[in-house]
Amino acid sequence: MTAEALTPALASGRKITFAMRAAHFARGNVLFVVGGCLFLLIVLGAIFAPLIAPYDPTAINFLDKLQGPGFRHLMGTNELGQDIFSQVLFGARTSLMVGVVVISLAIGIGVPIGLVAGFFGGWIDTVLMRISDVFLAFPPLLLPIAITAALGTGLFNAMVALSISWFPWYSRIVRGAVMRINSELYMSAARAMGVSAPRIMMRHALPNSMTPIIVQGSMDFGYSILAAASLSFIGIGAQPPTPEWGLMAAMSRTHFIDSWWTVTFPGMAIFVTVLAMNLVGDGVRDILDPKHQSSH
Amino acid sequence: MARHVVQRLILMVGTLIGVLTVTFVLTHILPGSPVEVMLGHRPTPDQIEAAKHQLGLDLPIWQQYLRFLGQISQGNFGISFLTSQPVLQDIGQRLMATVELTTLAVICIIAIGIPIGVLSAVKANSPIDHFVRSLSVAGVALPGFMLGMLLQMAFYGGLHWLPLQGRMTSAILLDHHFPRVTGLFLVDTLLAGDWVAFRDAAAHIVLPLATLSLANLPLVARTTRNLMVEALNEDHVRTAFAYGLPRRDVYFRYALKATLIPLLTVIGLTYGFLLGGAVVAEYVFDWPGIGSYVVRAMVQSDYPAAIGVTLFLATGYLLINLIVDLLYYAVDPRLRLS
Amino acid sequence: MLACVAFACGASSARAYDLTVVDGIDVKDWDPAIAYGHESYVLNNIYDPLTRYNSKDKKLEPALATSWSVSDDGKQWTFKLRPGVKFHSGEPVTAKSIKAMLDRNIKMGQGAHYLWGGATVEAPDDMTLVITTKDPLPIDLVSSASYACMVYSADAAAKGTEWFQKGNADGTGPYKLVQWIPNQQIVLERNKDYWRGWKGNEPDRIIVKIVAEVSTQVQLLRSGEADMTFSTIPLDMVDTLRQDPKIKIDIFDSWMWVPGKINVKKAPTDNLKFREALTHIMDYDAVAKQIYAGFASVSQGPTPMALPGAIAYDMPKFDLDLAKKLLDESGVPKDQWKITWVAYSGVDVLKNIALLFQADAAKVGVQVEIVQGDWGVVWDKQKHLETSANVFPYRTWPDYATIQPSSDFQTQKNVSFNLGYYSNPQVDSWIDEGTKQEAVDKKASAEAWQKAYKQIVADAAAMFITDAKRVIAHRADLQGIESDPAYETVFFYGLHRGAS
């Protein structure tokens, strides 16, 4: 489909402008564009939350408690009379931060370990990979829960916990990529020329494993938001008054059957954000790595 | 083959010791000891000291670790600080509740997810395919707790069709004495021929099961679809079509078979994922399983319980992965040679 | 099988039925010598104490003991036992069985054993019990406590903790334990031979269903699957529940109150003016009316007004202007107007109180950092000055009818409940005096305590946030709900279904 779509433009011999490329790209990647736009909206909402939000998300107003959605409160209020719309807006900041921090930390821990393991091989590789195996042997979510419990409840600790639980995936990707290119000619050449090990890794091994890392990272971004929300939901992630969507859903549990808005809006916020991010992630993967069919 | 299995098992034991160590360290980092919670409303400082001494919590951490290893190697997992019951007994009571839920979820996911995936692949780029793909993309993004609460709102709050929580109605649990042969209520009630209890157990499992299945189904459907699309483009499948073999035969005998190995991985992973993911579903539905137990144990520094359960779940997780690996061998003769 | 037969019989008789009570926490310690927590809710319906405190009349009533007397020095107590009472196992209640139980409780040194002050117990004859203590102690009141005084049989004592922990019990109370499925349910059956007798309209069985989530409990109550809930229902749900004609909400006095200890050893709360300022930032009315939805009253002193001997003191009021003035006068530099505030997990009201205080404090320029964590963790941290917070609110209640707990403000070398590190030798001596006098001269005791409490208020050693009430939500057709602040339970005896 991609090739066919390009043919007329090529055949006519016209210059392909940037706008044409963009339009073509958008046609071929509708979901990516939709996801990207949604994501952009969320980012804008997060950045301008203080300007858009009609109320202080932490302000308590008992007179207005558990109001349904309406003109005064777009998405209603919770048991403390806090404005849910304002909380959802500020919650976007929290969630985006979670995604960025978790993925950066996981990459920050995982990539060096994978580089070292893949480059040196031998016992270093064995030891590092055995350690990664231990982390991967925990059923998902169990290790983050254990780490958060150990560090103490709180959003920051939950983010650290998620990164620690996820770094082995990145180690493995990098290690695999490094091992593949390790045997290739230019690496041997570089080594023969006496280029130092860290330099080889930075110059050659790292750039070659960037693509799968970016793909994995963009796919994991949404999951990290989801996982952090789950941790907050079971009470060990974000703590009030932090505006966080999972926490909002948790706090609504006593009312949700009667006051549907208390859980529905924060829940929808998580859904839309993760969906947008997943669409972007899929798109990134398709663009950077067209052959790969994810089974993540 | 046998050698391979033994090798894998040895590796697994090593990994499990690692898991045990990590959990031990994690549960011992937190300041404060479980003793404070264990002793009730207003324990005296003397009582706290005495309890700490009795549990060996006043020893240096490495001594506690060795002591713990010694106990574990004798099969003694200790007594939970929070329930005052032996950890193994607690696990025994709760594990089957989780196994019942997750196993059924895996069955549902396979039974629904694979046909949907195949259908979507066969009708690639048709409206059905687009619908399935959109749903699967959306489904992955829906938080499990949100799904559970929505189902509760609809089927309990709105329609009054299904119970809100738990595994069985109190009166039935009390008056229907079906023998606990397997610990799986659905199986036990069937074995006893107790239809009332079976229906009650079935009604209770529907919502948590739906939550777990729906949350994980999209992944399997999507993977099946992608693998199937690939397989349908393989030469031998095209050839089979060209020879005019019946379409259904081609789909299920050639194409689906080719996707079996990667699909097994996904299903194995899903099963493991469910063991962990059940935490949230059990939390929402008050399901008396291992997930809710382990969270409480971890948060309240109930070391014996936290370590015991983690070890159990990790063993299960690794065993499932091992079984999946071995199935590869069974499915793909080429691997047996290497 | 047996139960099936019982059920079948029950179905044939018009008045036989089950009641379902939901509770959030399962029984942890079935051994009455150890039980010192939430299990008192269930255990107090299986076991009887020697004496029973009646808060309505503010006096002790006979239970398993019919009469008692004390020596002049307040150290030797003699109890006469009720004849003809039998344990659920059929064993008769004698002074020997009670001696076995008390000796065991005291020797094991667990739970609330310390209430007995290491007493020695004698059984001169079958129906007479003599309890001797080293220091004067109000043993008549101690014998009425919710914990450490539940009378179990000598046979059960001999079988020991392991037997209890499997979900066994042998008491004299109105209900006996017949089934325990951990984390799912506890089933109690009516004790037909109960010494107080039966009217005939009571349920045959009471099922205590364990449901962790309060929100779920409320929903079970609304659907009729449960008749009553033990746990405190979310207070802001009360209004919704009140609109449901099938549900009634009973409010009982309670001895539970919420002191917020202010750390006198940690900056900036080591400054008296600063502490005083904090006590004026707390919006006591909003806590009682909004956060507690009216099911609490503004504290009028360091002890809840429902306690015997409690009087009102001159307490600080919510006044942000005054708070601002005091803050300015305190001499604490503005950039140090930062405090830490503990809100341990699992108690919504404490979290909401923290949020309310945080919001109000911000208005006068005080920055409040809320520290959360599990009780075991935050308590342990507070017990070490380096890791302690500035304000530590918690819920507490006395174990029996007294104006203690003394340890809360008495100088402690190893802090256990003096969580604000308060220390005042004068207050210490008043507390000692008050404690000593309680066995012999309740009036003198009360006077000494009042002097101590007055000083504690003047020193702003704590903000006394609220006196909570006990809220029991139940189906409208459930009657005979009896709850006494002296007991952390609702008595099942007398509970029955009737026309609403």
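Should a chain be cited, it is by its letter among A, B and C, assigned in written order, with residues numbered from 1 in that chain.
Here, a residue touches a chain if its C-beta (ideal position, glycine included) is under 8 Å from a C-beta of that chain, and two chains touch if they have at least 3 such contacts.
Because the structure is predicted, anything quoted here is derived from the model rather than measured.
For chain pairs B-C and A-C, the one joined by more C-beta pairs in contact is B-C. With centres taken as mean CA coordinates, the chain nearest to the overall protein centre is B.
Centres computed as Cα averages put chain A at a distance of 24 Å from chain B. In whole angstrom, the spacing between the mean C-alpha positions of chain B and chain C is 39. For the pair chain A and chain C, the distance between C-alpha centroids works out to 47 Å.
Annotation for chain C: residues 213, 219, 345, 374, 377 touch two or more other chains.
Residues of chain B found to touch two or more other chains are 30, 156-157, 299, 301.
Within chain A, contacts with two or more other chains are made by residues 152-153, 235, 253, 256-257. Across the interface of their complex, chain B is touched by residues 1, 3-4, 7, 18, 20, 26, 28-29, 34-37, 109-112, 114, 147, 165, 179, 181-185, 187, 205, 207, 209, 211-213, 216, 219-220, 223, 225, 345, 374-381, 387, 396-397, 399, 405, 414, 416-417 of chain C. Residues 213-215, 218-219, 234, 236-237, 240, 286, 290, 345, 351-352, 355-356, 358-359, 370, 372-374, 377 of chain C touch chain A in their complex. Only residues 58-60, 62, 65-66, 79-80, 152-154, 235, 239-241, 253-258 of chain A touch chain C when the two sit together in their complex. Residues 30-37, 39-48, 50, 82-85, 90, 93-94, 156-157, 160, 163-171, 173-177, 286, 288, 292-293, 299-301 of chain B are the ones touching chain C in the complex. Of all the residues in chain A, the ones that touch chain B in their complex are 31, 130-131, 133-135, 137-143, 145-147, 149-153, 222, 226, 229-230, 233-236, 246, 249-250, 253, 256-257, 260, 263-264, 267, 270-272, 274-275, 278-279, 282, 293-295.
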